[in-house]
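Just below is one structure, and these are the notes that go with it.
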Amino acid sequence: MKEIRAFEDKLQQLFSDGLVRGSTHLANGQEAVAVGAAAALAPQDVVFCTYRGHHHCLARGMPPEAAFAEILGRLGGCCGGKGGSMHLTDPSLGLLGSYAIVGAHIPIAVGSAWASRVNGDDAVTCCFFGDGTTTIGSFHEALNLAAVWRLPIIFICENNQYSEYTPIAEVVPVVNPAADRASAYGLKSVLVDGNDIEAVRSAVTDARGTAAEGNGPSLIEAVTYRQSGHSRADPGTYKPAAEVAYWNTRDPIKLFETSLDLPTGELEAMNRGVEATIAAALEVALASPEPGPEALLTSVWGDAPT
Amino acid sequence: MKEIRAFEDKLQQLFSDGLVRGSTHLANGQEAVAVGAAAALAPQDVVFCTYRGHHHCLARGMPPEAAFAEILGRLGGCCGGKGGSMHLTDPSLGLLGSYAIVGAHIPIAVGSAWASRVNGDDAVTCCFFGDGTTTIGSFHEALNLAAVWRLPIIFICENNQYSEYTPIAEVVPVVNPAADRASAYGLKSVLVDGNDIEAVRSAVTDARGTAAEGNGPSLIEAVTYRQSGHSRADPGTYKPAAEVAYWNTRDPIKLFETSLDLPTGELEAMNRGVEATIAAALEVALASPEPGPEALLTSVWGDAPT
Amino acid sequence: MITMNYRKAIAEAIARAMRRDPRVVFLGEDVGKPGGAFKTTVGLRDEFGPNRVWDTPISEQAIIGAAIGAAMRGLRPIAEIMFADFLGTCWDGIANHAAKLRYMSNGQVSVPIVIRTHGGAGLGFAAQHSQLFDNLAMSIPGLKVVVPSNPADLIGLFQAAVDDPDPVLFIEHKALFDVKGEVDEDPFSVPLGSAATVRQGEDLTLVATGAMVPVCVQAAERLSEQKVSAEVIDLRCLTPLDMSTILTSIAKTSRIVIVQEGPATCGWGSEVAARTADVGFNSLDAPVRRVTSPPTPTPFAANLEKLWVPTVERVVAEAMSFW
Amino acid sequence: MITMNYRKAIAEAIARAMRRDPRVVFLGEDVGKPGGAFKTTVGLRDEFGPNRVWDTPISEQAIIGAAIGAAMRGLRPIAEIMFADFLGTCWDGIANHAAKLRYMSNGQVSVPIVIRTHGGAGLGFAAQHSQLFDNLAMSIPGLKVVVPSNPADLIGLFQAAVDDPDPVLFIEHKALFDVKGEVDEDPFSVPLGSAATVRQGEDLTLVATGAMVPVCVQAAERLSEQKVSAEVIDLRCLTPLDMSTILTSIAKTSRIVIVQEGPATCGWGSEVAARTADVGFNSLDAPVRRVTSPPTPTPFAANLEKLWVPTVERVVAEAMSFW
């Protein structure tokens, strides 16, 4: 979690320094969802995430230098610099992509689970998405299909309370945008504290068991909070101060540290280690060259020389 | 109801005679939904329906000759022959279109209700769709938006048990594809016997009241049965005989006649009257000429001479 | 050689692909037990069973998504979208995901899917059930587009499409369902991107796809009565586009008429015209002409729809206008 | 005259339309209270209130549907789709419904909506946030398409779009947000379908839209250093397409280079090329050339994206190749 936090903080700084182009969406405050879920998954499992997906990729084992380099548009990035912040991908880690069209990846994740069903393999697919995503059509189609076909998939709604600049309560007619809709797909309603890493791990472990035993999909709503703005350029001034303050007391890293009850020295050493790792990763990324101009035309087609 | 049944039966015959091109979807067995709902609506209300919409149009007052002529591609049709069976439309009757892409009209109907809300007028919008339509994304988006904005609209799911050739139970993970999903939109679950014209009228009357009082949308599932095949060319052989027999005993027209308990003579006279009306309407339609060739290019643009 | 119609060739093409490669699975609305809304997939579920032929809910976005995701995991899905017009409901999955994932991931991800659909006018299905969507597909880099005009090509191109590493949109034409043709009993494949010169000629090149191919062949016969010798090219694929067959032809004929079903604007015919006017400019003795549908949706009435689809008469008239 | 940038012109255009006609309402994601994801709609909700400016859930199909339905009931809705790329998620509503309802109903139904969106590459938004979708829109009869290149045109064309009885897709270019220009303080409108000749020339015609207009103007300046006089035409609208301005120009120059952002195939440039090669054929002294993006999705890396978007250098080189 700390590594993720340090990574995202560094990114925000790189942005202020004018080094990050386009859009970047940080997951500060949501680390427990990514790390808790990753802890519950098996190596053969498959993960789909969104433009707000750095935390999922890092939690799943993507080297921070590959993530940094990608976000900086360098050859050493996980996609050779062609994808960018919103499209981190590494199939060798079961990371089958980060998608930038809201909801579009949910049916694709269902397809991955369908493949497991057809092949009879034991991979479980895990698909992350936001609270705002529950209002788009592809969410509904995907949930319905996964439920009817009883596919081995875990849907995890990261309810960080906001859909861009809009509080989620203003755009859905139910209190819990995912959990209150589970019954529409014949599923059990599962609501967990997304800032409690253990609670997340336990819920995802259960869901993984359900999927692996052939009992179909689960829909988990992990309630958490987006500490930053929506994207790199958004200071998030529309967020009520009291709300921000409340959620700061519930910071997942602080909560976890408290629960661990480590000696201060050990904690500080850990923090220094993390900072050093991230700083070193950034060095590596910054040293990576831009992709060569020939990269413009490669990887469009599978049957053309790349 | 009888007029609708006679109309559809005549159409089936016209099809066998090779007079109807393209696709035609009959509503035999579903008449009580259309007539019950129409009885509950006010003249200023607005209706949206689908390619299976002849019954709704006739119930709302479309002259059968205009419907026949449209389905035969004649100038006297409600759309001058340019729309056809799947696109019967007559705004003067509040019939704002029949749509042939599953689910696509539901957001459009929501827009109509939104206009009423913006204008503060007292028209209520009524939108019909099938059970199979509950699995498409636009259904979900439309219901969510209507619920969040508390729009004056009545969604009526005509559950005729089939989505083309597929029993609905095979493609949704809940028993009642609409009613079991009402709670996902913060709505009350309303299930009615769609073959009981009084039950339909009463449910739609309630829903209309809710809408008119500013209390937002209702979602009604009317359980009924598609006595015919999916479209004109489908004999429906996949339907179990026992199922067909059961639903024949629940034919909405028979049920209504029984409830009326009219003297046989009166009933027969009524039937003869209906047959004569429909036969005369067909004569009128058949006498209508084809549209002139200039019609090909008109009504594409609003600012071009038409 | 066996004779079969285009409708039967569809089921045959799918069956051959499924027999040859166990990774091929097939999904869509009513494609399995019911055998397809147009009876184009009859028998497949019986032969291959429910683990390879899947009936779906009405959920085009989920159908396309499922195909993409399964392809990323090693399957070779064939997804049916019942009418090409419905591609609008799932265009994001096709254009923004299937077509772009390889590039965005720098080649790490492959999406070998075939999206089959049928399109086209002429049978009275009206404005929302008569489009081809071929040009929209053609404009998306990363997506291949196939438009077969006869049973043998359909089967051969389908095999190539299933074997292809990229997403392929395979657009059948519903007005051809009853057209018969000879088909090799042995497996064969027709490479994507190779046009067929279906009739040789000297004076004029007619370029067409799908249901316009027989229209052009008939037009060529009529033209020969007027001593005009027309070459007819069936593109068969829109992406890859075989411009070299066209350029070779106009080097000989110096004149071209592009015959396209559907409105002219930004159609495949515009692209062929634009490339001809660029790299083929020096071969041309006359303006690049197109015969297309008018710039309107498809009308329902029989007499209007007949005016909407390009006819033999219009092709002949346009060709004769050169002289 | 006042000076404002393109971003500000967007809010100004919407505000003017809303002031002038009480039937105009505006809906979209984060357009109201937040003032737009790109701060293009700041202040509108404050001025017009929640009954005219509506924030929606993430539901593009519902946004488009709501606009259509409300238009059928007499309102004049403006719907925002945040990025043009997202049009794929609601294409059915636009292409099969908004564009066709008038025709299918034989003129009984009117759908006067404006769908505003922004598109285009150059800012590092990668493959799923950099498209224009202009050509797909242009290919649909019944849909008008506007692509403004500067603040004044944006405001004038927007007024015309809102007043228009048909659905209009209004595609702003995100790379122009900070471009400044002079704007008349009084209400004005620029008729749809009228191209602007932004620079006169004798030897060569450059045709462009949106962010390619300033590129062509710069290229023309460079060309003049080499004694080549280039005329630059800003189409401003793709539908209706003002071919007569182009034809008049090539009657004078005999040469054309079409400069289009986005892959060539079936782009608006193909259509312009095709029509030029048909009705303008006899004016032409040289092949019809296009300068476009390569046939790939938009890459993320800064150096690659720079190669992807047509540049002044490429336009100059293509123009000089005539001599």
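Letters are used for the chains, namely A, B, C and D, taken in the order the chains are written, and counting of residues starts over at 1 for each.
In the analysis below, contacts are C-beta pairs under 8 Å (C-beta built on N, C-alpha and C of every residue); 3 or more make two chains touch, one makes a residue touch a chain.
All values reported here derive from a predicted model rather than from experimental measurement.
Participant: Both chain B and chain C are touched by which chains?
Facilitator: Output, common partners of chain B and chain C: A, D.
Participant: Measuring from the mean C-alpha position of chain B to the mean C-alpha position of chain D, what distance in angstrom results?
Facilitator: The mean C-alpha positions of chain B and chain D differ by 39 Å.
Participant: Just the number, please: Cα centre separation of chain A and chain B in whole Å.
Facilitator: That pair's centroid distance is 44 Å.
Participant: Just give me the whole-number Å value for how far the CA centre of chain A lies from that of chain D.
Facilitator: Taking the average C-alpha coordinate of chain A and of chain D, the gap between them is 35 Å.
Participant: Can you list every residue of chain A that touches 2 or more other chains, as numbers and ranges?
Facilitator: In chain A, 79, 81-83, 87, 99, 101, 104, 135-138, 141, 144-145, 148, 170-172, 295, 300 touch at least two other chains.
Participant: Would you pick out the residues of chain D that each touch at least 2 other chains?
Facilitator: 56-57, 59-61, 85-86, 88-89, 92-93, 96, 103-104, 126-128, 141-142, 295-297, 299-300
Participant: If each protein chain is taken as a node and each touching pair as an edge, is the resulting graph a line, ring, star, complete or other?
Facilitator: complete
Participant: Which residues of chain C touch chain B in the complex?
Facilitator: These residues of chain C touch chain B: 29-30, 33-34, 37, 55-61, 85-86, 88-89, 123-129, 294-297, 299-304, 307-308.
Participant: Spell out the part of chain D that touches chain B in their complex, as residue ranges.
Facilitator: Per the stated touch rule, the residues are 25, 51-52, 54, 56-57, 59-62, 64-75, 77, 92-93, 96-97, 101-110, 112, 141-142, 164-166.
Participant: Of all residues in chain B, which touch chain C in the complex?
Facilitator: Of all residues in chain B, those touching chain C are 21-23, 73-74, 79, 81-87, 99-104, 132-133, 135-138, 163-166, 170-172, 238, 290-291, 293, 295-297, 300.
Participant: Contact residues on chain B for chain A in the complex?
Facilitator: Counting only chain B, the residues touching chain A are 135-141, 144-145, 147-148, 170-174, 180-181, 183-187.
Participant: Quick check: in the complex, which residue numbers of chain A touch chain C?
Facilitator: The touching residues are 46, 48, 79-83, 87, 89-91, 96-97, 99, 101, 104-116, 118-119, 123, 125, 137-138, 141-142, 144-145, 148-149, 295, 298-303, 306.
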